[in-house]
Amino acid sequence: MKARIHITLKAGVLDPEGKAIENALGSLGFDGVNDVRKGKYIELEIADSDETTARDNLTRMCEALLANTVIENYAIDLEA
Amino acid sequence: MKARIHITLKAGVLDPEGKAIENALGSLGFDGVNDVRKGKYIELEIADSDETTARDNLTRMCEALLANTVIENYAIDLEA
Amino acid sequence: MKSAVIVFPASNCDRDAAVALERISGSKPHMVWHGDSDLPEVDLIVLPGGFSYGDYLRCGAMASQSPIMKEVIKKAKAGTPTLGICNGFQVLTECGLLPGVLMRNAGLHFVCKTVPLSVENTDTVFTSKYGQGEVIDVPIAHHDGNYFADADTLDRVEGEGQVAFRYANDNPNGSARDIAGIVNAKSNVLGLMPHPERVIDQQLGGTDGAPLFAALTEALS
Amino acid sequence: MNSNTDAVIAEHGLSRDEYDTIVRSLNREPNLTELGIFSVMWSEHCSYKSSRLHLKKLPTEGPCVIQGPGENAGVIDIGDGQAAIFKMESHNHPSYIEPYQGAATGVGGIMRDVFTMGARPVALLNALRFGAADHPKTRHLVGGVVAGIGGYGNCMGVPTVGGEVNFDKSYNGNILVNAMCVGLADTDNIFYSAAKGVGNPVVYVGSKTGRDGIHGATMASAEFDDDSDEKRPTVQVGDPFTEKLLLEACLELMAEDVIIAIQDMGAAGLTSSAVEMASKGETGLELDLDQVPQREENMTAYEMMLSESQERMLMVLKPGHEDIGRHIFEKWGLDFAIIGITTDTSHLTLRHKGEEVADIPLGPLADFAPLYDRPHVATPKAEYISPDDVPAPNDLGEALLKLLGGSELSSRRWVYEQYDYTVMADTVQRPGGDAAVVRVHGTTKALAVCTDVTPRYCQADPFEGGKQAVAETWRNLTAVGADPLAYTDCLNFGSPERPEIMGQFIGCIDGMAEASGALGYPVVSGNVSFYNETNGIGVKPTPAIGGVGVLPDVSQMATIAFKAEDEVIFLVGETRGHLGQSLFLRDIAGREEGAPPPVNLATEKRNGDFVRGLIRSGKITAVHDCSDGGLATALADMAMASGIGATIDLPDDLPAHAFLFGEDQARYVVTMSAADADTLEAGDLPVLRLGTTGGSCLTFDGVAEVMVEALRSAHEGFFEGLMHDQL
């Protein structure tokens, strides 16, 4: 089963990278760009065949390794 | 308008981070995880009010800065 | 030899490069701010190491879009010798003056250590004072030095003698075909991950970087 | 007038008595913003309420001292119109909660303390203590902390050249992350924080303010309980890119004659910087919070005053020079905002959205700050363990390999290879030696820097342990050939509200004070971190010492590696085979007990001065002090660093294991050519001819022989094994 995971910074957490990207876009002449936030996107194949187990395992992976839950949120999508 | 951009490595491009995540998940005891690929996920607000202009501008941003098209693909989603 | 060192926001080896250039060539380089659009008349352009723009997004990506880079690209294409060290190498690949990209180290960690390099091509303005196949010790200090290009590009780069330096022993970062530094097809643009400017006097633990600056000085004065 | 409930007061970490004092200071109840300001200023972290009384005992003066404790960092004179500016600080609690960002912002914070005084940072060090290597959290914490330190320091382009790493179960729930920064400035261009004068603009520069780490300073003063993992308070995210720009912009502005006072915003952010600048300058300060650059919407006055957003500075400029500052900061892409003015009211007055939201008399805020003489009980004296009471191991070679491959003595290469230690091209002694050495750019001088403390000694005998920590840094600086000049400290302890912990604290300070006095080695800056405990279990007392010395001529620097075969090896200093609290006793005999080795400061000074004299005479070829693991590990380090072995004779008046692994203090191993060795004059100093260098083995004559290669592989194994596959 294919899984897609989005890891994003929690609201209010400073995003230095997002800010730098926003400034860089500005100096390249792209106006009107705001609130740039940069996150991570992970795709993977997981062997579990049923969705509940897969989601369960992915949640544990996010908590244990993939996301830093002090400052990040994660969202898991499973391909049907 | 809110835009979401996914930047992923092209097929065939080595992904050292994905590989390392895969190994680390393995040593944490998560079995059956394969093909881990790590990409970037960028959210931003764009001032353009019509979708065509917005998509056009975002494409130029991706080409100019956000993605390195030698190794990366990008996909743009616009919030309706 | 007249030279220019480009200073990007959060370049941090700009001083080191300037010290090495002055010490070996005898003349002080121009320090050129990335936001300027004019480059002084120089014989050599140096893009120094560091963390331009914090290495955010992709190392060297934002710096490669700096105003001064239009001039750098123009001069480099016209044949001005251009040297990119570490972050400077990343900028050179991001702006297309050199092929390939520098990805995250295979071990994912930042790596700082002195590594042996073999000199693969002595037929450039940068490497003429080394012997073919000579092994030199030069420090590396980077997070993203894992050189990658598709197989065709790698074959071409190797076939045309564009590989200037290879890691001679262990490959510290997973770089394709052990590549540590490459030149462009005209051999006037060199990018390398190791830091020759950090080994120019014996107190620093070696002088293996000095011949690179000496070669430039001799050729360009 | 609002009334603050007991719950609100307690949430602010204030006692009822402290609250009543606030009411007395103001002659009224504080509003929430004022309560927040008092709470952070009177937190342990900012007010030093439990430690102030005792810190006074430390010697802080000496011929080299330009500025002792009390400013952002200490300043010493290193000759030729140049000064070294340095400080060490803890970031323990944040690093436990979020190791990468906690450690990174610790490094960022200590660098700001140094460059706010006008110095360019030239060296970083870090003293790290983790829980037991096999504790389930340790790997994650080690990986994150080391990456965070590297991530910040590397981006700044300041070499991280030294430090220490220990593992001990007492840190399982409370790791220690202490970061030290050393910078260089000209003595006539040093900047202080006293906001002098009336009517001068108060300027905010750097990053925008967000809701980061609100209550960080109070968090650092509260002990953990089991819920801490769940609560996950907001931790600050560091932005080393912005800090690098801030550094360059500040130094550029400092070259102009426009700054009256400058102070970084560290713990307790705008509150502590504003209060400290005004108090020191004996002025008042009026701030208009609407002018504060803000990252988030609808921030309240309370939030702005307590935010711990990183990479910010507060300055008072000479009036009329604002544009010079604005121009420089804007060039570097940083915020620059005039947010207030100095006044003659001696009050801190805050306005927000057109209203006055706080009005605090600064006199009482400082003068009525709590000061406690907490109850304390001294640690009972531990018993001396005679070498004869510790059985010999079956195989001395095996014992050496086990120690070298253990968590305490193994190579720290895995750690320091993640730090750029060669950037700035002045690092002439890299991590791995006794002290790191960086050249004073453009001169023939160099700074030597190191950090040390042996917590197991401090726990067994705080007084001897405090002495030992100071003496060991002095010794490490001496061993590279430097004149030790002064030090900074970071005192990490459990809860000061427990008399045993207060007893440890006082004991360590007394020991440090005695060593400082005897060695002529003052303390110029430092930091106290209390409440490093979880569920009533405190860390081992850990007063980390960061020493700084100067080599007048860097070409005379000494290193630990044997230089050639057939050289003569001497041991300077007396060996009694002290095994109490030694690593041998702990890791080979399995006993954690006894009195630590006593430190005789007169001997320490005499032996050190002798060795330094030898180094300066150019006669000795290698030097290494004896510390953890004793003589055998010192010799092994020298052999591993060079690939050259040695043959050592053992004396007959001590058991071999006590001779080899005893941790007697004030000792150095030195090597000399055979010719020089014959002319060595040691007077009445105890100098023992140990043997000669050469071959591929370290041979203890008649008892053991180990290949240098085997030493190396044991030494390198630990971290690789521990951190394998940890992201």
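In order of appearance the chains are A, B, C and D, and numbering begins at 1 in each one.
We take it that a residue touches a chain if its C-beta (ideal position, glycine included) is under 8 Å from a C-beta of that chain, and two chains touch if they have at least 3 such contacts.
What you see is a predicted model, and the numbers here were worked out from it, not measured in a lab.
More C-beta pairs touch across one of B-D and B-C than the other; that pair is B-C. With centres defined as mean CA coordinates, chain D is found 41 Å away from chain B. One finds 29 Å separating the Cα centroids of chain B and chain C.
Note on chain placement: the centre of chain A and the centre of chain B lie 10 Å apart, centres being C-alpha means. Look at where the CA atoms of chain A average out and do the same for chain C: the two points lie 34 Å apart.
Chain A has residues 16, 20-21, 24, 28, 38, 65 in contact with two or more other chains.
Of all residues in chain D, those touching 2 or more other chains are 239, 241-242, 333, 727, listed in ascending order. Shared interface positions of chain C, defined as residues touching 2 or more other chains, are 53-54, 56-57, 62, 65, 108. Contacts between chains leave no pair untouched here, as each chain touches all the others. Considering their complex, residues 9, 12-16, 19-20, 23, 65, 68-71 of chain A touch chain D.
The residues of chain A lying in touch with chain B in their complex are 6-8, 18, 21-22, 24-25, 28, 30-48, 57, 60-61, 64-66. Across the interface of their complex, chain C is touched by residues 16-17, 20-21, 24, 27-28, 38 of chain A. Within the complex formed with chain D, the residues of chain C that make contact are 9-10, 12-13, 15-16, 19-20, 49-51, 53-56, 108-113, 139, 141, 143, 195, 197-198, 200, 203-205.
Chain D makes touch with chain C in their complex at residues 147, 150-151, 154-157, 239-242, 244-245, 332-333, 416-428, 430, 439, 554-555, 727.
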